[in-house]
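Take a look at these structures.
In the two complexes that follow, chain A is the common piece, with chain B as its partner first and chain C second.
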Partner chain A sequence: MFSDFIELIGAFVLVLAILQITSDRLYFSIKVYAIQSFFVSISILSIGIYSSSFDLYVSSFLTLVIKTFIIPYALFKTIDEMKIKREIKAFVNITNSLLVISAIIIFTFLLTRYINIGGSVIAKEIFPISLSIIFIGAFIMVSRQKPITQLIGFLTLENGIMLVATSVTYGMPLIVEIGIFFDVIVGATMASLIIHHINHDIDDMDATSLSDFKE
Partner chain B sequence: MQTFLMALLQFFIILIISPFIVGLMQKTKSLVRGSVGPCVFQPYFNILKLMQKEVVLSNQSSYISIIAPYIVAVVPITVAGFLPVFDSNTLMSFSGDIIAMVYILALGTFFLALFGFDQGSSFGGLGSSREMTVASLAEPAFIMVIFTFALQSNSTNISHIFDSMRGDIFFNYPVSSTLALMALYFVTLAEAGRIPIDNPETHLELTMIHEAMILDASGRNLALLEIGSFVKTTIFLTLFSNIFMPLGFYDTNTIWTIGFSIFIYFIKMSTLGVIIAIGELTLAKLRYFRISDAMMFGFVLALISMVTYRL
Partner chain C sequence: MGYILAIQLIWTALVKFLPLRVVYVAQVFITAILFLGSFSYIPKVIHQKVIFQIKDYLFLDSLNILILTSLLFLVFCIAIYSIGYMKKEQEQGLSEDKVKTFYMWKNLFVFCMSVVLVSNNFGIAWIAIEGTTLSTTFLIGFYNTKDAIKASWQYIIICSFGIALGLFGVVTLYFATYHALGEGMNSLNWINIIKISSNLDPSLLKISFAFFLVGFGTKAGLAPMHSWLPDAHSQAPTPISALMSGVLLSSALYLILRLKAIVDSAGLVHFTSNLLLLVGMLSIFIAAIAIIGQKDYKRLLAFSSMEHMGLMAFAFGVGNRLGVFAGLLHLINHVFAKGLMFSSVGSVLVNFHTREISKIKGLYKSMPLTAVFITLGVLGITGIPPFNIFISEFLILTSALDAHMYWQIVVVLLFLVMIFGGFIYLFSSMLMGKSDEVKKEDYKMLLPMAMLLGMMIYLGITMPENMKILLNNAVDILSNKGVL
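Entry: the complex of A and B
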């Protein structure tokens, strides 16, 4: 019953990752990311209650604060400053992206049936779900043109890693998790700085025009 | 005899509650926007008023305009006979196949589109072509959701599916069921013509789909078309609520359990109506060419739901 609840939350995270693919607005993407992080923090919290480990409570709290509030706030601020156009350009259009994503998810579920995880796993279905989320994040990173959506792809990927780490291994050591959070914050800050510079230097928010800088 | 009476009772409950649900959605939206809005029972008064008015038909229209409103109204009412509300015995439970139900509903959509074309006005044709596009996009997602539940309960009989949903299928396959729930929500919005797909309130020519088809209908014809759309909405909501909130679905037939399950059904439908109305307020209507993306989203969710169940 308890593992079912965790799987239910995991399913919501997966749905939000698929919804991330369909969005063509930056504001909507960031909102979806914030809600997804909220569900990830609930999932971590419930695994923490299940295994009664203090580290996971801290990790869940940090996820809630950093990923649901701080990073989306920073991204919203970046967008407002840049006055970026709201449309997202993509190399692959939304319908085709969805088809690719469905193939990826089915492949992931098929693949994980052949992987035996040693020890006791809390929620069996979380593993393929989080693996799919990692792949979806990677797909967003390679299929979008604007750096800010690529950043959102990276953050989605990171959510998937968080989910798989807590569900399969009962959480990493606290110091490692704090390191990861620090990494994400620094990554997001650096990315917004770089986005600012790209915007300032070439008056465009398009990562493809960076290849014009070749000598 | 008793099962027949139960079946008849369920049939009439769906018919009677359907204008109320639509009225409740309108009222909720008005209240959240800060206006008073029409009374919850306004759709009943509208139907009664329209029934007494005479029919005006365009001189370009053929016999299709005379028969189509009756077919559009009768088809959902027939389907209501398939649908269990709180008891497994329905009027047509001997043939209550859920795939038949889906395609009988498609017959109503087809005649509604014909009615739109038959008026000879440009709005009707526009609405019909849009409606057929949306219907054909929503159909694969819907049938995929149906297949998921048919696989989970090993049957395509509606009563049997609802019966096994009352067990613990939802918590046996939480991932599959959640994805199917999301997909069915999208299909419900598309088929009932609610906001991300179609706006039921506006008569702006650029956005309307369902309203464009019934723009030329008047009097009794309009009342019949409205009844058809109300009952169709209620059918989808009943399907949704009985699959995902399988409370109040009993087989014991004492007067108390019947009353109690009717009460539970009423609460479920009202909750769902309010949820959909609030969802409508938070979303903007999608651009027409984005509807294919939304329906593709539903289809992909349904496909993944079916595959994750089997894998």
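Entry: the complex of A and C
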């Protein structure tokens, strides 16, 4: 029963990752990311209640504060200041992206069928689900042109890892998790600072001009 | 070794509040103390095999003491070099505050690398390696030019992405070990895992290793995920390029090796070795292609780092005793050789302000001493005796011969010859020719080059007894014989 509940939450997170792909507006993308993080924090909280572990309460609380509020707020602020245009430029259009994504999801479920995981596992299906989220995040990073959407792709990927780290085992050691949070928040801040620079100093900067570099 | 880390952290925090003159001098003394401190651990490590500190979160064994000591030696050389380099930059109008910022980030970067090396725990090592990404991002964008900002964006996104995949590898590893070792930090401690490694679930270890290789391989500059490397190395201030190339890449590879030891003793030697062989040869191939037609000399050196990381991966992929020995030796040799190369071309860069090979001519006329160092460095890094790189490359190929990998040897040799040709052709066009300008050479920049060159020749001719013992012990550690 409990594992079904965790898997349901995991499925929500996956659906939100798919929704992220279909979004063509930045505001919407950031909102989707915030809701996704909210679901991740619920998943962590419920495992925390189930196993009554204090570490998971802390990490659920940190997820809620940092990823549902602070990072989206910072991103909203960045795009307001930058006056970045609303639409998201993509190398691969939405229909094709969805096809790629469905292939990714089928592939990850097939792949993990061959792994027989020994021992007690809280929710087995979380493993392929979060692997899909990781690959979807990676796909967003490579298929979108704007730096800020690449950042959102990275954050989605990170959510997938957070989900698997807490739902398959009873969470990583607390010190490690706090370190991960710290790195993510500093990384996101630095990335938005660079986006600020990019917008300030380089007029029409997107990922296509990144390939100016020649070998 | 706790105090080595503590000194670095305190010094990082202090840098911003001291006058620049003091920072310049103090940096040299502090790095000298750090180097000597790490050097003084060597007899102890040989005696006790492994030293733990702060419960068992930090440890020193024959493998990481070697890398740590050569890291701190390079840091010491670079500390002297930076004085000359930054003074030249100040003449060009770089503000004092910027220089202090440079020192702050640089020290934080070195601190993170040291934590990666001495940490016994994969979780902490992951955090520290992400710390190296964050602390170098602003250093790559240091000059605030369009290219520099682009390179730093590329760097933070590609490396964070790679490191996130590495985190997935760590999670999978934890998943494999926490049944046996229980929840908590214990289950990520390397020493604990290696003891029970033969009982772990092989399929999970396979996934973990694959993600480790791609994830930390990104930081190590290995083939499929190397694209941040040339831009980052060419845009960063030269002292940072030297540190990144010399030790950042190696410390990422070091983590892969630690995991390889675990996965190997679970009976997956073929899997890990073949992956490393493939990745290594691909890296050498891409580097060889890129070096031949290179126009920018710092990018040229960046690709050369990629080539050497590929060679190391190849050596560890060959995997017999000699191969692992040669790989580790190459890792250490590369630190000195790349340090020399970057510091010597860095002097050219601060004097001529161009990274284009075709715009620089007649270095023997304009900067004769630096030109000598460049020549010797080029000969050294392409593997000519009597320099140290020759010994380790020779041993790598011999070990592959022992393992009957004939076509692999031919292919690797072919690429090495291509790289040799490219290096000689491109650098001779910079060194020879006429030049009217005569630049003043700063002894503060020449001294570290001489020290690094001395190390290269010394290790090329002989090998200290202690180093031999440490290397042999390290090979034992990596093949899971006699860890404690």
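The working rule: the second predicted complex is superposed on the first by the 208 of 215 C-alpha atoms of A that agree within 3 Å, B and C clash if a C-alpha of one lies under 4 Å from a C-alpha of the other, contacts with A are read in each partner's own complex, and residues count from 1 in each chain.
Here, contacts are C-beta pairs under 8 Å (C-beta built on N, C-alpha and C of every residue); 3 or more make two chains touch, one makes a residue touch a chain.
Just so we're clear, the structure is a prediction, and the values are computed from it rather than from any experiment.
K.L.:
In this superposition, which partner touches a larger number of chain A residues, chain B or chain C?
P.N.:
C
K.L.:
Could you look at A:82 and tell me whether it touches chain B, chain C, both or neither (first, second, both, neither)?
P.N.:
neither
K.L.:
For A:90, select first, second, both or neither according to whether it touches chain B, chain C, the two together, or no partner.
P.N.:
neither
K.L.:
Determine, under the contact definition given at the top, whether A:99 touches first (chain B), second (chain C), both, or neither.
P.N.:
The first partner, chain B, only.
K.L.:
Go through the superposed model and pick first if A:1 touches only chain B, second if only chain C, both, or neither.
P.N.:
The first partner, chain B, only.
K.L.:
Can A:14 be said to touch chain B (first), chain C (second), both, or neither?
P.N.:
first
K.L.:
Quick one: classify A:35 as touching chain B (first), chain C (second), both or neither.
P.N.:
neither
K.L.:
Figure out whether A:185 sits in contact with chain B (first) or chain C (second), or with both, or with neither.
P.N.:
A:185 contacts neither chain B nor chain C.
K.L.:
Is A:141 in contact with chain B, with chain C, with both, or with neither (first, second, both, neither)?
P.N.:
Second partner only.
K.L.:
Touching chain B and also chain C: which chain A residues?
P.N.:
none
K.L.:
Flag every residue of chain A that touches chain B in the complex, lowest number first.
P.N.:
For this pair, the touching residues of chain A are 1, 4-5, 7-8, 10-12, 14-15, 18-19, 22, 24, 94-95, 98-99, 101-102, 105-106, 109-110, 113, 125, 128-129.
K.L.:
Using the touch definition from the top, list the residues of chain B that touch chain A in their complex.
P.N.:
So the residues of chain B touching chain A come out as 171-172, 174-175, 178-179, 182, 290, 292-294, 296-297, 300-301, 303-304, 307-308, 311.
K.L.:
Give every residue of chain A touching chain C within the complex, in rising order.
P.N.:
Touch list, chain A to chain C: 114-120, 134, 138, 141, 147, 150-151, 154, 157-158, 161, 164-165, 168-170, 172-173, 175-176, 179-180, 182-183, 186-187, 190-191, 194-195, 197-198, 201-202, 205, 209-210, 212-215.
K.L.:
So in the complex, the part of chain C that touches chain A is made up of which residues?
P.N.:
For chain C paired with chain A, touching residues are 121, 123-124, 126-127, 130-131, 133-134, 137-138, 141, 144, 146-147, 149-154, 156-157, 160-161, 164-165, 167-168, 170-171, 174-175, 178-179, 183-185, 187-188, 201, 203-204, 207, 230-231, 289-290, 293-295.
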